[in-house]
Structure formats: C-alpha cells, structure tokens
C-alpha cells in the first residue's frame, strides 16, 4: 500500500489536489497497486466523488456528534466519502486518551485507522488501541531528502517486532523521506507492508513519474 | 445578519446539513434577510454549491500552505466555497498570537472573519486585529435556554461600547441561548448588528419555523 | 504505598501543605507505612526539607535544560528534593510522545515515575515506556464519593493483567474516590500495590484520622 | 527596571540559580537599580528567602485553588515569595481568555503581572486586561545575538504608542537579544521603561560583569 498524504501543500489544495488524485487513480489502475489518498477535509467529498481509489481524512477529532465547533467529526468525513483516516500524525499529535477515543469512534463509523508513531516504543503503545495500520515516521526525517529505509533501517525492523508482540496482525507502514523506488523496496524487504509519503509526490514537478518510480519499488 | 452555526450536531452533518441549508436559503430569499451558514469543513463544498446564501467555515488554522497534516487551511476552505469563517469560537479557543495570524491569513484569501469573544474585554482586545465582525457569546449560556439578551443585556451594550473605542466600524453579533424573536429584537435594540445561533435551530423539530420566528425579531 | 496528591487544594498550598505533610510523616513513621506526597512545585523544597518521607512533583515537562519559560524541569525539581513525579495525571494529560520523553528525562535524573492512566488499555500502552509505577484512575470517579474499588473492581484486575502482559514488574496503584479503609483493602485484594488519593485527605476536617483509617485498609 | 528571566537554563536551576540571584542582588544594591528575577517555580522560595530584590514566577496558570494537578497556582507561588509573574511568554503562550483570567487571579493575590507580546498589536490587545507591565519581545530575536533595539526599533516606539492608546499608564519593557549597554540605552531612549533579558546574563561566563554592563545602559 502507498499512502499519499496531501497535507496542506499548495499542490494538495482544491483543484490541484484533484489533479494529483486523478493521476494517482490512473497509476493505481494501470499498475494494479493499492494507493490511498489522505486529503484536506474540505476536499474529501470532491475527490472521493471523482476517483475510485480510497480517500482518507488526515485527522479526526475524538468527538461524538454534538456541540463542537470547527472540529472534525468521523461521521461527517465518513459521509463525505472518507474510508479511513490518519491519527496522531507527527504534525498533529494527540493526547494518549484522545488517540484511544478517536480510534474507537472512527472504527464505529466503519472507517480504517492509520495511527502514526515517531518510534518503535510509541508504535507498540498505540497498537494496544488496535488501529488498522501503524505508520512509523521519525519526525526528524519528515519532508527531508534521506529516507527512513536508508537512515534508520533498524527502526523498521524494531517497530515490526514490537508491533508483533502486541498484535501480530497489524501491518506496519513506514514514512519520512521516501522518494525513490529503492526506499520503497528496502522498506518492504525489512518487513513493512507499505509506505507513507508526502513531499516526494506533492512537491514533485512530475507527480505521475514520481508515483510510477515508487511503484517500481513495490514490485521488487 | 443571522449566523447559524451548524457545529457538529447530527442535524448539521452531511445530507441533514444540506437540508437545513436549503431551508435557510429559502427563508433568506422569501424574507430578504441575510442568513449565513457556518458548516463543517467536509460539507463546505457541497453546501456552497447547493445554496446561494453565504457559507462560512467554523474555524481556520493560522497556517500557510505547506507541511501541515489535518489542519484547516484558509486557501482550501476558500476554494471549497467558504466566504468567511468563525475564529476563536468558545468551543475552539486560540492563543492570542494565533488569532492575529489567522485573521491576517483569512483576510488575504478575501474571506470575512467573525471573531468570537466570551466577554466585552476580550471583544475589545480582539478588535485590535480588525476582524470583520465580533461575536460575543458568554460560554455559560451557550446551548442553554436563557438568551444573552435576557440574562446579560449589559454584556451587549458594554461590548458595543468597548468595540467602538477601538474601531467604530466593527459590527457586533451576539449569541448564546438565542431562541425567540424577542431574543433577537432585544439584541438589536441594544445595538447588536445580528445574532449567532446554533442549538435553537439545529436541535429544533422544525428548523424552518424556528428561523422564521427569529426573523420576526429582526423586523421589529 | 499510599500516594497523597496535594493538587492545588487550598489545604495543599504553602504552610497548610506543610502541616499535612508533617501529619503524613508522623503517621508513616508510627505505622511503618510507605506514604508519598505529591506537592506543588513551589512547595517541594520546603516540604522535602521538613519531612523524611518521599516528596514527589505532580508533573514534569518533557524538556531538557535550556530556553523554556515557566515549564517544569526534572533537574530542578530533583534538586529541590523531589524523589519522583506523577506523569500524565488526568488533570494534566500529555501527548503520547511527550509521555515517553518525560519518563526518559525523569529517570535520567534518578527520579521515580508514577504514570497515570484512565483505563486498562492506556495503562498497558504507557507500560511500554517503563514507568516505575502505573496509577489507574477513572476520571469520572476522581474527587467523587464512590471509590474505584467499589464502582469498577474489574478495572483493577484488568489493568493488572494487561500491565503484566507488557512488563511483569510494574506495580499498579489505583485511585479515584478512595476514602475508606475498605476501599484500600479491596484494592489490595484485587492485586493493587497501593493507592493514590487526594480529596479524601486534602478536603478532610481531620486529615490525620483519615490517613490512619486508610492505613487500616493496608493492614488487612 | 531590568527583569532577568532565568528560564530553565542549567545556570538558572537550583544552587546555580541562587548564585546568580545573589550576584544580581549585590549589583542592584550597589548601583541602586531595580532588578527583578523570574525563576523556576521550585526555586522561588529558596531565592526569595535569600535575596532582598523582587522574585517573580515565570508563569501562573489561570486556576483557582481546587482539583488541579501539576499546574501553577498564584496563591502558592505568592506564598512562596513571588511578588509577580510573567504571563504569556513567547515560550508559554496562552489562550486569550486564559490571559484575562490569569491576570485577574494574579492581581487578586497582590502580585504584579508582566504580560508578554510578540508585536505591537498583541501588546495593545493585552493592555485591555490591564497588566502592570507589557513586555514586547519578537520571538525571532529571542536567544539571539541581535537586540530588538537595533533590529526593530520601530517595534518599541509603535508598541508604546499603541499601549498609550489603550491605557496611558502601563510601562513597556522590551526584550529579545538584549546584551549590551547600548541595547539598553537605545531601548530607553525609544521610550521603554526597562528591559527583559535571559541568555545575555544566564549564558554569560561572567554574569556580574554582564549585569554591570547592562546597567550602564540604564544610566545614560
């Protein structure tokens, strides 16, 4: 699985986000690879209506329907078309009890959860709440040019090992600095089930070429 | 002006939100009254596409396009159709320097800002950042059955007076517990330029009747 | 172990805090029971100088010495006399990555950590970071009149079981609503290693009598 | 007035903090200059007991006595010896309604408030809450080598002008990068009533010499 986090990049906003979403859909179909798009809340409905690959939210707040203003409700992003959501991204850290609550609420809506962690210990801790995926991303490598596969291969193996201890079935995605097919293939060799990426695609001159290159890494 | 805050009420989510938006639009046209709808981020585009009255966001984060995950970007909600946004709602308080930054960023996108304050002093303080509207709502009355017009009329006159001191032109909206035409007419008599409401409409069995009643208050 | 959290109760502030600390010390010596006092930062030095039982901080921030203003540094509370600290109390929740960092920093200073959790899952998750103690307190019972031993006995057994899974050696304290010797003895019967309490002692007319009563529960 | 913020620098912790406090006291007496020390909470009592110049807290939370764990209560730091406190330091920003509440609570305890602001608009806004002093510090200059007097002289004059508009009597302190007597004298020429400094003294090889140098600037 390749999860592309659109963040709030200019290229991940509105019409431009839709363009990249369509490119990702095309590649996903042609190459028969599972690509998931995590887009801004206000773009979920438009993009989910336009493409047939899964659209995720980037965050959901640990709230039930009720008197809350300006927060993100699982039920609402679900109805807009989100099939899942990131939780606890390093740019959106949550209190531990909120992570538990958010995962519970998101699951009740029938959505998938990709819970993010900066290291193996936090990944292990979050596994207790049984997210559908764990994504491990060392914050110091995010949006950088050196991939986690190269800079911290032991983080990947260690995370997988710790996650196995708690719950053998939770697949581990890795992220941060993933930009080449080698980054992807190395991550899979180390036991990862997929990659999480953002700047590598969103800041690329040619996102299609970039996605195609990354997919090569999946095929090794 | 009547600003209806949909919050994350079940009735303010997805298709149900769209229904109330259409009712509000109908009443706005028939009665020639300015009604603004503050809806959840994931519903902005659908509702802005469907109705011809102004749609606002409920919150915007003080961020520029870039590497941020799961936050609300002014540029994105603008492109989705939001003509303005609430800022610093009592259910979404911000640090003071973030209020300044958010108002600046939202204005650069050509959107209106309705900055919320719980009391007259905070209203005066926020006026320094020149929002388009100040909305004063005592948190203890929000979602309750007693309106600010009745429980704290002096809050309205005092806020208007303090806002005048800083910037004579900023219109003051009042909210919290507004449910009857008398609540509305009393607020206007005290100098308010409009009302902010939520539960009165969103939790009503008959939102159309409720909005019509409130509009009666505007006509006095 | 009995850990008395002084919180910011009036009775737990300054000279009044010192009085209760001396009472606790006297009872601890007379009855040969381990009593620990978690006091406000500005009172740590005075109380640690005055009594011979352990004094803890109520919170430590995940910071190293440096350019931080108004935050609580482990090195400083350690030098003031704190032998340990609460972490992630329900009235002071932390982001998950901050819990990990705070526990690491506090341990480096040679202090004990009592990490708080509202439920068994969060207790299990926090155990990954190897605190010296886990304290489980359901927030809805804190400062109330029904103890966790009575209202949620299964929380205690379940927490102990989950903590065992991760790390067999971490003792579990229980808290919330603990006010009688029966609350204490029941907690120990269920497998707890001690209790955490606050209002039961701090709001008592006669703290000495209250502490003596609770200690009876330890002796069963 | 010279306010020295000890922050959580290693040199501003425990015994080392006490040493610098005594140096500052000595210089204050010899040169007859008003020096105020903002120290870590756990050091307030020890330092206030040891020196005869004013000791302030670095932060106070907007709470009353009661069920709060690990937060800073005005009543407690007051009893420990703090005569005032910083509020809303750039390293400890607060929500706008918390600033209002904290200033009110701190004043009720008879303590002085030095409210910090990053720019002239925020300084003006905070003046509405009537702190005893406004301290303006552009965050980008904090802990740097270029002083606000040199890099942004207009910030000082502008802040003073805006503060005058709201409340003519609130003295303005300036901070960030203040390291030489020229930085101090320039600030006073521009209308400031004093300076706020930290790294210039706390990271100095010879804090006494550094404080003496800065005092020269006051005498111009």
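The letters A, B, C and D name the chains in turn, as written, and every chain counts its residues from 1.
Quick note on the criterion: contacts are C-beta pairs under 8 Å (C-beta built on N, C-alpha and C of every residue); 3 or more make two chains touch, one makes a residue touch a chain.
These figures come from a predicted structure and were not determined experimentally.
J.: In terms of touching chains, how many steps apart are subunit A and subunit D, taking the shortest path?
T.: When the steps are counted carefully, the minimum from subunit A to subunit D is 2.
J.: For the two copies subunit D and subunit B, is the contact made of the same residues on each side, with over half of the numbers shared, or of different residues?
T.: same
J.: Could you put a whole-Å number on the gap between the CA centroids of subunit C and subunit D?
T.: Result: the chain centres lie 33 Å from each other.
J.: Could you work out how far the Cα centre of subunit B sits from that of subunit D, in whole Å?
T.: 37
J.: Using mean C-alpha positions as chain centres, tell me how far subunit B is from subunit C in Å, no decimals.
T.: Here subunit B and subunit C have centroids separated by 44 Å.
J.: When you check subunit D against every other chain, which residues touch at least two of them?
T.: Residues of subunit D never touch two or more of the other chains.
J.: Assign the assembly's chain-to-chain touch graph to one of these shapes: line, ring, star, complete, other.
T.: Looks like a ring, each chain touching just two neighbours.
J.: Name the touching chain pairs, please: which are they?
T.: A-B, A-C, B-D, C-D
J.: Please give the residue numbers of subunit C that touch subunit D in the complex, ascending.
T.: Counting only subunit C, the residues touching subunit D are 5, 7-10, 13-15, 38, 40-46, 57-59, 63, 65-73, 75-77, 79-80, 82, 86, 89-92, 142-143, 198-199.
J.: Would you pull the subunit A residues touching subunit C in the complex into a rising list?
T.: 88, 93-100, 117-119, 121-122, 124-126, 128-129, 162
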